[in-house]
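I've put the structures underneath this note.
After this come two complexes, each holding chain A, first together with chain B and then together with chain C.
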Partner chain A sequence: MAQATLESAAAPRESAPAPAEAKPRRSGKAATGLLTTVLALLLALFIIGPLVWLGVRAFADTWTYPHLWPDSWTTHWWQVVFGDKALGVAVQNSLFFAPLTVLVSAVICLPAAYAFARFEFPGRRFFLIGLFAANAFPKMGLFVSLAALFYALNLMNSILGILIVHVLGTIVFMTWIPSAAFAAVPRSLEEAARDAGASKLRVFFSVTLPMALPGILVAAIMSFLASFDEAQGTYLVGAPDYMTMPTQMYSLVLNYPTQVAAVFSILLAIPSVALLLAAHKHIIGGQLAEGFQIK
Partner chain B sequence: MALPPIVLIALFIGFPILLALGFSLGFTGGLNHTISVIGQNVHEAQGASPTFGAYGDLFVDRRFLGDLGVTVIVTLVSTTAVVVLATGIGLYLKFRGGVLGKILSGLAVVPLFIPVVIASWAILGFYSADGFLRSVFALAGLEFPVWSFSMVTVIIGSVWTSLPFATLLVTSGLQAVPQAMIDAARDAGASFWRVVTSVVVPMAGVPIIIATTFTAIGILGSFTVPYFTGPNSPNMLGVDMSNYFSAFNQPQQAVVMAFVVFIIASGIAAVYVWANFRSAKESGAV
Partner chain C sequence: MTTNQTLSSSAPGAVAAEAAASTPTRRSGGLDVRGLHKVLGGRTIIDSLDMTVQPGELVSLLGPSGCGKTTTLRMIAGFLAPDAGSIKVGDREVVHLGPEQRPSAMVFQNYALWPHMTVAKNVGFPLKLRKAPKLSKSVIAERVEAALALVNLVHHKDSRPARISGGEQQRTALARALVQEPELLLLDEPLSNLDAKLRVKVREDIREIQQRLGITTLIVTHDQEEAMSMSDRIAVMNQGRIEQFSTPSELYSAPATEFVATFIGSLNRLEGRVEDGRVVGGEGVVGIRPEDVVFVEDTDGGVNGARHSAVDGLAATVERVVPRGHFAELYLRREDAELRAFVTGALPSVGARGYARIEKWLDFADGKLVRQEVAQ
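The block that comes next holds the complex of A and B.
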């Protein structure tokens, strides 16, 4: 099906500049079309294959190598996961930390994003690059370095400590992406609203903020996922008192049957998939890409 | 207004990194006291002159040097694969579009939806001894190599997890190249490849460089993918850092590794900053 669409899409563009050449090049186009279809299938196998393979495992009872399908099916592993108290607590912890992280990060970063977009102040570019440099330091190394400070400030095994680790991982998203979104709001619109007698605050909340909202939304979702996905720092700071879903996943993989980890993986992926589907249009639409160019 | 995130970064990233730099050079007083008492094999500076003992420990250690090489190779190979794939998908979307183009770019973004822990676990299973590829080949009577717990799966996992971000950046960069310029080059008789190499890619150069540097820095410092899918040894420095810190209880050596990775990452970061300045200059901002 994809092949047919490809041919029809390519046809008009082909015929316009060189009608005489159309015939010999058509077979070449068919070969290229076939090649791209094969490459697309390989890419699909590469991307989707591992996920399907893992997903099937969550319902597998017995599975003999080299069969491509389990011999028998069961929902037993789902009961194991839902019956396990520790796993339930991990789910709760994750659902507690991720929204809180987004909130704290938004309060801290959004005003800064606006300032970076709208004001020229000394050291502006230095700070933007500083944000990026902070991102270049290896995460594991940072957590090792943080450990010394956290011991001294008594933040080890504390909610505040975990929250700090999570917020640190979201700063780049929460500053850069909304900053690009604020910068993209035309100043002429804001000025027009001012001329019509709107106060500065009114202009911000009625013009600037609604127009920048898609960018802020993408930033919030990326931050939510960053927090939801964070494992190394949480493990170092919070384990074993505060286990989140990803840190629980570490021990699941080592201590439980494969199928339990598969079930847990599906559960862990649900919020990410739901959120990203909701914001899919804006992420593909370039809000994310726009944010990663320092201006 | 710009202050809060900067203060947060200065306090919880900048300051700990400076502390760690001091610790790696043997300054074990102040806030570094606790960690230097807990840790083993800690080199202490004599007064104000730093010691490079921990650096020396590592740079004569064959295992560390091997892992450093592995880290650099994995980063190079994975980044190249990611950028080639992302550019290929972006070019297809730009020149052909259609349903297949949408499917390709949609596929490349899927990993963004999946937490890295799960991705690593799924990839490990897919290429393992009883994984899909070996099953398919076995049914056809062929023997396929076991890739789980080898650097092959680490590279596969790195490419898998880095692809969406690079694809988004590169695709939006390529889409921004004006169609009029491509048509003009075509009318002047330029072949498809000539148009790609002389017009499209140079014009989208900055986003491609940004995607490359971000991918490379991400893979260089990665932990989860090599930890789950890689061999015990040799492995990437992210895993070594964690091992030296927790399992071997040698925090000073772990911190030294972090700085080695940071120095390489800074080199890459410099390219990113340069690319951004170039783009700002072109658009007349500087």
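The block that comes next holds the complex of A and C.
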């Protein structure tokens, strides 16, 4: 009873000022609201439209010109994709290379990231900027000279060759983002751990690494997606022996009906979307994102 | 006309030693620093510093920012290697040891709690690291509970540091230091991030716990009130040196140098000396505490003026009145000097006339105290 009266008393008080305030600006507000809605709808159409088209296309049997909707529906194209050995192998290859790339890249880049964040050494800035070299030139030019080198080293059509291409594409994320994350760990937190009796190695694994983990995770996800998406270099170095999902897309677009390409691109998108959703939950909603004030 | 007072020091640490004796559960070693020297970037930060802290004593390093007090603390904790000197805790030389091997525990200015661990995990971490003997989970839990009970935080043991208030974070940091049962407790500006009300309470809590455990404690602070109210002794630092190392009351009543006299409390600093109650110019510096300036207002328009002047000092005019709570600060103009005086009770108004007398003063030569004098 008491609660109910309190609530009913509070409700009008909260709502009362709103209309009074809104009245003079109503027309302006309405216009802004309309504009926002239109823009949002356009944006939604721009983003979701192609996805809807893709989804419809993946289940369409025939879809002829004047019709807005497919003539009939089928799951035939999914059977084609799952039945095709080459496509299955491509999925397997992609799922093999992407995690391996993240692992190798992490092993190479994370120590470098820590060094960039914590130590002052000659040429520090030069090397940090130099990491952009791999991304500074047109990719195709880089891959052509890489191919020349790979022929000489017998790395063409090899797992190692493809791995090198993939890792090269992740070096910038895997160094810069974790480096910023390491640098953001306050030194006093590391000192407090030393003071508590932890060795330097223990301090790194108990304090520095867990605190830098969100940044490292972001870098790992970006690397995973970069590797999953890498087509040009993989095609040049790996085809035709090692086909991954994006390189297989090329032949799909050329050799199969568009419906198969639609099915395949949906499959290609699944890991990316899943990872981004997982990352969103872990990084944005995680306890590490809670504001913690440290001078 | 004047009497000289000797600058003797009463037995330091007597109070603390007593406290240590009453709680025999913890043996706390003293601290002995000899010839500590540190040069950073070509500048001498710490200049051959010597300091002895008795077992169970609470000592404050007090000084303005940049005086080297934090550098000294960081060298004692082991985060910074001195260029020369020795640091002994108890009977053990620790200067070559890393911070993880020293028998000291530190409370950081920003508390330095690990945000990815709960309060209990933060406090338990130092115990988890113990190698010989390795502590079992139940023993750790028990000791964490006891440490949290000591600082009244048991109810927050599963909270993350970001979820508790500044004062609670501070107490967590204190519990994390105390759980290690250190021989030496180091606190770096422990109260500077707390609001004024809480600061008074926390400093009393720290003092109470320190005395109960009889733990040798070194506090770095720039706040003289904090140092005066907590410490057995205070080391006043300036430009990498200890200017004076004595009890709070002695620091105030018998400052060894002009720097200490101006840094601790309030001081009228005048060039010259005092003769027959009058400030006359000349060599040296005279320091007069505002509470040692007595002002008597002439309320009857000079009718009894003759009676005042000889006994009650020189004619003075009130130029400014600054209320400071339970007392007020008067800015007085006399024919010989401008003086500040502290008064309680009824306040004179600006422009009021009367007589001001100097009761006690300090004579300095070359920055050092020469004499403490009292008017007769």
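Operating definition for what follows: the second predicted complex is superposed on the first by the 254 of 295 C-alpha atoms of A that agree within 3 Å, B and C clash if a C-alpha of one lies under 4 Å from a C-alpha of the other, contacts with A are read in each partner's own complex, and residues count from 1 in each chain.
In this text, a residue touches a chain if its C-beta (ideal position, glycine included) is under 8 Å from a C-beta of that chain, and two chains touch if they have at least 3 such contacts.
Bear in mind the structure is a predicted one, so any value in this text is a computation, not a measurement.
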Chain B versus chain C as contact partner of A:211, first or second or both or neither: second
Chain B versus chain C as contact partner of A:269, first or second or both or neither: first
Which of chain B and chain C A:66 touches, first, second, both or neither: first
Contacts of A:188 with chain B and chain C, given as first, second, both or neither: second
Superposition-derived comparison: chain B or chain C, residues of chain A touched: B
Touched partner set for A:108, first chain B, second chain C, both or neither: first
Contacts of A:196 with chain B and chain C, given as first, second, both or neither: second
Contact residues of chain A, present in both the chain B and the chain C interface: 288, 290, 292-295
Residues of chain C touching chain A in the complex: 77-79, 98-101, 104-106, 108-110, 112-116, 125-126, 129-130, 160-163, 176, 180
Residues of chain B that touch chain A when the two form their complex: 1-6, 8-9, 12-17, 19-20, 23, 31-32, 34-35, 85, 92, 96-100, 103-105, 107-119, 121-123, 125-126, 129-132, 134-136, 138-139, 156, 160, 163, 165, 168-169, 171-173, 175, 186-187, 206-207, 210, 214, 217, 220-221, 223-224, 228, 237-238, 241-242, 245, 251, 254-255, 257-259, 261-262, 265-266, 268-269, 272-273, 276, 279-280, 285
Chain A - residues contacting chain C, complex: 186, 188-189, 191-199, 202, 206-207, 210-211, 287-288, 290-295
List of chain A residues in touch with chain B within their complex: 1-3, 5-6, 9-10, 17, 36-37, 40, 43-44, 46-51, 53-54, 57, 63, 65-68, 108-109, 111-112, 114-116, 119, 121, 124, 127, 129-142, 144-149, 151-152, 164, 167-168, 171, 174-175, 225, 228-229, 231-232, 246, 249-250, 253, 258, 261, 265, 268-269, 272-273, 276-277, 283-284, 286, 288-290, 292-295
